[in-house]
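Okay, so chain A shows up in both of these, paired with chain B first and chain C after.
Up next, the complex of A and B:
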């Protein structure tokens, strides 16, 4: 078991420092990107001025996790599908339009995907293992698997999470990027996990990824069989709008995309919802099903106790 | 010269994303790095870009930067002498 000790999310929902995100879910608010805290409380002003929204969200969530558990992380694992889009766009625009020999270094430096992990490392003054995974809609699940491997390898305190940011340009290319039709969004969710239970009530039992998924229903059932759990034992099924046979999959279920909006790491926030559901209800198992991009299936099983 | 200093302050605020500052907050003779505005080495690179883009000035010898970027006064003096736009 991989115990969740704290979670910090910044999303379209009122999720930051919210003990029960599941209970306070509301319809996606297209007027606002994210409900953000005052970043100045977390990030020194001189650093904050350079940081794009994805870096502000990621660093703030990471700092909040560190503040809550009060220990240094010995591994930092970040998932992001599209990375630091605002800085990438700024850098490329300057690259195309500038007539001078020099280009602004900040946007270039901060345009790479692993800037999020790097800024977390700098912000927390943490020189431990630092890894970024970019695997389309399964970036978070792959990061979770890496985090689990770190724990299996003896790491005691792992920070794992995912972050994405939207830019206006994405709206133009959305139909070519993904078939799912939800409003674009931004968000970040980070988890402090370890192999020791301590005061944790909810754990990640198993994570699975399949990049050649052909039959989601069969693959879910095979995953549960492997975990020795009957489908009926799943108290909450969180899906990315997955079409499931309602007779077979009669479990209580929600389409988390209706609350997160569209980005490629929404399953990280769904895992936060699943955690809070188990933590605050008489329930034992929750399963996050992520097939946002057809053919890529991520399954994350959470267990209470 | 005073117009140039005012313009420079506006350009510095924009280029370095000093979103909480106004030109009036930047003293002409205050150090830009260290204890002054607290700028760092990445900002020094941004200054090099600012000078090239806005004034056509290329700093050939990076060691000159320390003196040129000391304050708004030193920047303005250097631009007055070397402006190619």
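Up next, the complex of A and C:
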């Protein structure tokens, strides 16, 4: 078991420092990308100016996790499919349009995917293992697998999360990246996990990835069989919009995309919802089903107790 | 548990595959020259002469993709040659890249800005994960696919992730390494940082001015003992040590004492169960920037103390291939182990004043090379070390 000790999310929902994200889910707010906390509480004003939304969100969620658990992380694992898009676009503009030999390097420096992890290591003055995974809609799941390996390797306090940022340009190209019909959004969710239970009530029992997924229903059932759990025991199914046969899958279920909006790492926030559902209800198991990109299936099983 | 290496492949400015690469290393022939393309012609770069179409035809690639993906396919196919896909062996691909499909995206974005022939469909190659999907498809691998993007340490981290997944039993066999193509994005980026040498780069030299960029890909195949029992492959080396640590000093610059680099080298030695004196050769990160080489030299001195093994940077042969470098240099390490080689550090004339370290200066054969330590350091203070060892 990989116990969740705290979660910090910034999303389209009012999720930051919210003890029960599940209970307060509301319709997606098309007017606002995310409900942002006051970043100045976490990031010095002079740094804040330079940081793009994805860096602000990632760093803030990481710092909040650190503040809550009060211990240093001995592993930091970040997932992001498209990474620091704002700085990437900014630097593309800079070098394509500039006629000067002198370009500002800031956007380039902050355009690499691991700027999020790098900023977290700097912000927390942390010298530990620091990894960045980028695997389309499964960026969060492969990061969770790495985090689980860290715990199996003996690490005590692992920070794992995912972050994505929306830029306007994405509206133009989105159908070529993901074919899903939801409004584009940003979001970040970070989890402090460890192999020790302490005060934690909810754990990640297992994570599975499938890169040649053909029949989601069969694959869910095979996964549950492997985990020795009957489908009936799943109290909440969270899907990325996949239609499951309602006779077989008669469990309570939600399409989390309706709450997150569209980005590649929405399953991270779905895992937050699943955690809060288990934590605050008389329920034992929740399953996050992520097949946002057809053929690539991620399954994350959460358990209470 | 031992992690065996049963295949390797590479493509860089000094050649495709083992034979061409060894020939260049032996004859001290650098692949760095004045660029031949519009975006590279103002620089000294380690450019691969073959165009995308030539790569596809010559290496019979069935899958389309960005240049990053195509270079990756060429190297990964070499590494995986003779390996069969089997239901009994859970096989994955873990690939490092920093630019992904940027070579296509930047061209398309230019069209967008110029308001001409903008075709959004071409961004389907953009994401780094897609380039790994394409390489995996070319190899027929689909049990597990993952991409690591930690800038210049990406491939080394892919090796590390692969080894850990095998050790945990999640995978039996995994193709690991990295790929990056030259793009205007990275060229302009390093130019903005003002860390290019307009001339040939001079790793570990007192008068070094900066790096030369390169492109390429390098992959190796890792197998568990269980997998070996089925594939009956002859291991060519072992991956014995790995580590990643954060410098936590600056987003792009390394700390003066190379704290992250020290941590990563020490931990990799610990994982391998080796003492510093067991290392026969260090393939340094050695980008030839004033900052990296000083910081890495300090870190090497503090880890290896008085007995510093032969070390060199091979970046003056290939250029800095960014996310691919750890993969290409892992193949160099395997070749060093199996042929008893030490590689020269080209363009060196004077020791760095502060550290007084002289790298390996000539190509040597017939040495005993049992353990090679290979460093890869990336932006974000991301420091990685892998250790490759002879199969005993």
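In the analysis below, the second predicted complex is superposed on the first by the 305 of 305 C-alpha atoms of A that agree within 3 Å, B and C clash if a C-alpha of one lies under 4 Å from a C-alpha of the other, contacts with A are read in each partner's own complex, and residues count from 1 in each chain.
Here, contacts are C-beta pairs under 8 Å (C-beta built on N, C-alpha and C of every residue); 3 or more make two chains touch, one makes a residue touch a chain.
Nothing here was measured: the structure is a model prediction, and the numbers come from that model.
Asks: According to the stated criteria, A:61 is in contact with first (chain B), second (chain C), both, or neither; which is it?
Replies: neither
Asks: Could you say whether A:176 touches chain B, chain C, both of them, or neither, answering first, second, both or neither?
Replies: So A:176 only meets chain C here.
Asks: Between chain B (first) and chain C (second), which, if any, makes contact with A:185: first, second, both or neither?
Replies: neither
Asks: Tell me which partner A:91 touches in the superposition: chain B (first), chain C (second), both or neither.
Replies: A:91 sits against chain C, while chain B stays out of touch.
Asks: I'd like to know which partner A:159 touches here: chain B for first, chain C for second, both or neither.
Replies: A:159: touches no partner chain.
Asks: Where does A:45 make contact in the superposed view: on chain B (first), on chain C (second), on both, or on neither?
Replies: A:45 sits against chain B, while chain C stays out of touch.
Asks: Contact-wise, after the overlay, does A:122 reach chain B, chain C, both or neither (first, second, both, neither)?
Replies: A:122 sits against chain C, while chain B stays out of touch.
Asks: Classify the contacts of A:212 with the two partner chains as first (chain B alone), second (chain C alone), both, or neither.
Replies: Once the two structures are laid over each other on A, A:212 reaches chain C alone.
Asks: One more residue to check, A:273. First (chain B), second (chain C), both or neither?
Replies: So A:273 meets neither chain B nor chain C here.
Asks: Comparing chain B against chain C, which has contacts with more of the residues in chain A?
Replies: C
Asks: Can you list the residues of chain A that touch chain B in one structure and chain C in the other?
Replies: Of chain A, residues 102-105, 109 contact chain B in one complex and chain C in the other.
Asks: Considering the complex alone, what residue numbers of chain C touch chain A?
Replies: The contact residues of chain C facing chain A are 98, 105-106, 109-110, 112-113, 120-124, 126-130, 132-133, 136, 142-151, 157, 161, 164-165, 168, 170, 184-185, 188-189, 191-194, 243-252, 259-260, 263, 378-382.
Asks: Chain A touches which residues of chain B in the complex?
Replies: Counting only chain B, the residues touching chain A are 15-20, 38, 40, 42, 45-46, 48-49, 52-53, 58.
Asks: Which residues of chain A touch chain B in their complex?
Replies: Touching chain B: residues 45-46, 49-50, 98, 100-106, 109 of chain A.
Asks: Considering only the defined contacts, which chain A positions touch chain C in the complex?
Replies: Residues 76, 81-83, 89, 91-97, 102-105, 108-115, 117-119, 121-122, 124-136, 138-139, 142, 145-146, 149, 152-153, 172-173, 175-177, 209, 211-212.
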